[in-house]
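Taking it in order: structure first as structure tokens, then the write-up.
Here the chain labels run A, B, C and D in written order, and each chain numbers its own residues starting at 1.
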Amino acid sequence: MSSDIPSFPTSLGTSEGTTITLLGRDLAHELMGEVSFGELAYWLITLERPTPQQSRLFEAVLLGLADHGFTPTAIAARLTWLSAPDAIQGALAAGLLGGGSRYLGVTEDTGRFLAEVLAAAPAPLPAPDDQAGWDALATRAVTERHAAGRFVPGLGHPVHKQGDPRTPRLIGIAREEGLYGPHLALFEAIGRVHAKVLGKQLPLNGAGVSGAALADLGLPLELLRGVVLLARCAGLLGHIAEEIRRPVAGDIYQAVDRNAVYVPPDA
Amino acid sequence: MSSDIPSFPTSLGTSEGTTITLLGRDLAHELMGEVSFGELAYWLITLERPTPQQSRLFEAVLLGLADHGFTPTAIAARLTWLSAPDAIQGALAAGLLGGGSRYLGVTEDTGRFLAEVLAAAPAPLPAPDDQAGWDALATRAVTERHAAGRFVPGLGHPVHKQGDPRTPRLIGIAREEGLYGPHLALFEAIGRVHAKVLGKQLPLNGAGVSGAALADLGLPLELLRGVVLLARCAGLLGHIAEEIRRPVAGDIYQAVDRNAVYVPPDA
Amino acid sequence: MSSDIPSFPTSLGTSEGTTITLLGRDLAHELMGEVSFGELAYWLITLERPTPQQSRLFEAVLLGLADHGFTPTAIAARLTWLSAPDAIQGALAAGLLGGGSRYLGVTEDTGRFLAEVLAAAPAPLPAPDDQAGWDALATRAVTERHAAGRFVPGLGHPVHKQGDPRTPRLIGIAREEGLYGPHLALFEAIGRVHAKVLGKQLPLNGAGVSGAALADLGLPLELLRGVVLLARCAGLLGHIAEEIRRPVAGDIYQAVDRNAVYVPPDA
Amino acid sequence: MSSDIPSFPTSLGTSEGTTITLLGRDLAHELMGEVSFGELAYWLITLERPTPQQSRLFEAVLLGLADHGFTPTAIAARLTWLSAPDAIQGALAAGLLGGGSRYLGVTEDTGRFLAEVLAAAPAPLPAPDDQAGWDALATRAVTERHAAGRFVPGLGHPVHKQGDPRTPRLIGIAREEGLYGPHLALFEAIGRVHAKVLGKQLPLNGAGVSGAALADLGLPLELLRGVVLLARCAGLLGHIAEEIRRPVAGDIYQAVDRNAVYVPPDA
């Protein structure tokens, strides 16, 4: 009626009678009250405790991505809360499910693109201050990407056409903390050279620089979108809290419904 | 063909050409690199910037709730990632959707129960150090709840029968930070008196004390489960990252499938 | 390193080398091409094959609940697809997550309410044509519910104030098929008597009559909301297909974003 | 404070005082009781009413994909219901979120692959009975795909190594109903020729033949995975209903938890 099953290894949490271990530490005494939530998230994802410098850059990325006002995902979360206020987990999940390719995917796409270019570059990589070296690498990468008919991820922004204020700030924090690495160097070089290849000057956006910074921190590329989702989780809770205090989802629904126009299917 | 729509007010994020404002602050310069992610989450939910003391208690709550090993929600997230590795947002959402009444609801249930008891108590509430006063209030509350055939939320734990290590730790942090308020006082009193009413001694669990602490912090009760979900979001990312490094979901699936027994529908 | 696990019984699907069994039947030869999808859904939920009469009523319920234009859930699904067009499962899930208490819950709430009244009624229940008997039972039930300060589920509709066209139609189909039972009889009686108790005449809505019909069919009450979700699944796919053909989600997002008004948090 | 918004066209549902229109028909009188749920789903997706022949093939596809026992998605839905029994929409959504690339994506992948090969084939396509013509086309397509290092979708099955019983059945129904078209012809040819190219004989699986049949029906390729999700929705409701009747999710959770092995993070 039954057969053996294998064991299931984990290095995250485990409990015994009077202790809880998380990441090999005593949760109650070594982590709670001692470690910030952002630090813990980094540690859970990488299994390595971040330095204070790494924590600062990582949390700055989370802050930059937490909220952008009435995005499609924030609206979806509010509408779901309107329909099902008894299940806040559903409203939050609905908001996160918009975390796909079009908007929230830019961070991961940029991180992957930069990592691929670096992996394919001839060794050794340019020195950090060798601007000409990085520009040459960036020019080749943008040219090839453009020739393949694909967008260069991390470039352009619908609102911040003159520059996304998060970009220089994150780069500044990375430099301050000694964490400015090849992904950020390449990303900045793309900012300098792309206009010559593409024929137009575009800003380096905040989602893209976040991908570069997370890649320089060494986070696994498959998890970059996950980091964006964590950041967005806080923003969505802000939207749900605001929806409870001062509802707008009913008005949004009414505005759409009142302006609906019925078109016969065979028209 | 169209009609006016109302305006949609928000106090969270907004953007103009070269600035992004979040919570009334300049995102790039006043928040990124200056404020922790836990602090921002608190601020987004309450619209009030937490003090360092409030941040420490709030982040300690998040740490205590982030992960509990192979919970049903962690397993669901891993199985979803196994099936749809191209959409990490789906795996995360699947894990959060288990955030309902049975497990993750305890924090909110406890916060609401304590708040209801306090709201119905005769004024003034006992002084913080009036243990006898709190015990009397707790005895009345537990007795009434028990008589109504309902569980007292926050009591009991399948593993930590001798005491959940998070409970004294959170209470200790709240005291250290001057944030020990009536919800925690009432919760501790319930821990002292319930055995006389219920006939058995149960531990005050970590989910319950978290609800008491968040209520003392003044977070809206409707958002307490949301705070648990934010904490769990980090834990679930840890599980997904671990699933990528060292997969177990396939083994879990095989273990179930191999031990499935077909029972004819009319048996 | 491992220990025994129990067996996992199921009566749904199972596979061997060259056969697939579903509900105890040969899937390929006894079900595919022979049984309708609605019939299968009924069978999966109840483990009993519906008669043609039961199938007709059940599928009529599904049709009545499949779509209602630009509901909050349809808008949420479209916005999610806009953000993450690479993961249609996320858009569908986001739409279903609005299936909570406020809108889609009416069907289950009505079914449960009627079943509770019937369970508490003195035996024997009125004969099917004993209108006075049903009216007496309905009057008592509505009076008690009203006295308890609770809404009577299944009454009222924002648009169909003069009557929801699905209600007489479903009742007619149930009568035609010999499936008009005590839940529908009680529901119709509520329609006749409630105005005397509540002081205003409200229509019996389509969601409510669906709950009564499903309860008369004998479907488990815990699954009534599930049936609504299945119906809605088809409607949401219709919305996603329409969104692909003729997108509106971007316009909805823009309409909200352009009419956002920033209110400082401390205002 | 506000500005005009555009109108939002739809051809699905709309309501007025005493009528509900769906797909241009009177919902209560022209659809309910007259049209099957599968027929409606087809109509909602395509805006064209299916013929009885098209309905039969479409519903046969839905039946073949509805359930496969304890798949990862069924287990995820059950575990989510265990955690949050108050929100069945969450359990259903969690199950659907596994509808990604690895398992449920095969239907859409196959439909797209076949459509691409047909679109690139020199006109005219082989006549339906020109087996040699189809074999030549299939050989070229499989050879190119294989040379590109990519799997041919729709080939292979972990259990049905000697043949998936759904495949000949669906092809048979398509032939009976006069709906056997170029996608199915090409798919069958792939079944005949692939062994010569790949060096091993694999079965044409049921998910793949479903994609071919749906493509021959003319359903939009972007919606093929959506059709699988609709089918799976019924199966997941069956699992949730069974979980309520005879729970196994708690045992699954315990089996994993009891066999968890803690590995220190730095091991």
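By our rule, a contact is a pair of C-beta atoms (placed from the backbone, for glycine too) under 8 Å apart; a residue touches a chain by one contact, two chains touch by 3 or more.
Bear in mind that the values here come from a model prediction, so they are computed numbers and not experimental data.
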Equivalent interface positions on chain B and chain C, same or different at half: same
Please compute the C-alpha centroid of chain A, do the same for chain B, then give the distance between them in whole Å. 24
Could you give the separation in Å between the centres of chain A and chain D, each centre being the mean of its C-alpha atoms? 31
Could you grab the centroid distance between chain B and chain D? Build each centroid from C-alpha atoms only and quote it in angstrom. 38
Note: chain D residues in touch with at least two other chains are 1-3, 5-11, 14, 69-70, 84, 86-87, 89-90, 93-94, 97-100, 104, 252, 255-256, 259-261
Chain-level touch network, classified as line, ring, star, complete or other: complete
Taking the touch rule as given, give the residues of chain B at its contact with chain A in the complex, in rising order. 1-3, 5-6, 8-20, 22, 26-29, 31-33, 35-38, 40-41, 44-46, 56, 59-60, 62-64, 66-70, 87-90, 92-94, 96-100, 104, 159-163, 165-166, 168-170, 173, 220, 222-223, 225-227, 229-231, 233-235, 237-242, 244, 246, 248, 251-252, 255, 258-259, 261
Chain B - residues contacting chain D, complex: 1-7, 69-73, 75-76, 79-80, 82-87, 90-91, 93-94, 97-104, 249, 252-253, 255-257, 260
Report the residues of chain C in contact with chain B in the complex, numbered from low to high. 5-11, 14, 21, 23-24, 47-48, 84, 86-87, 89-90, 93, 97, 255-256, 259-267
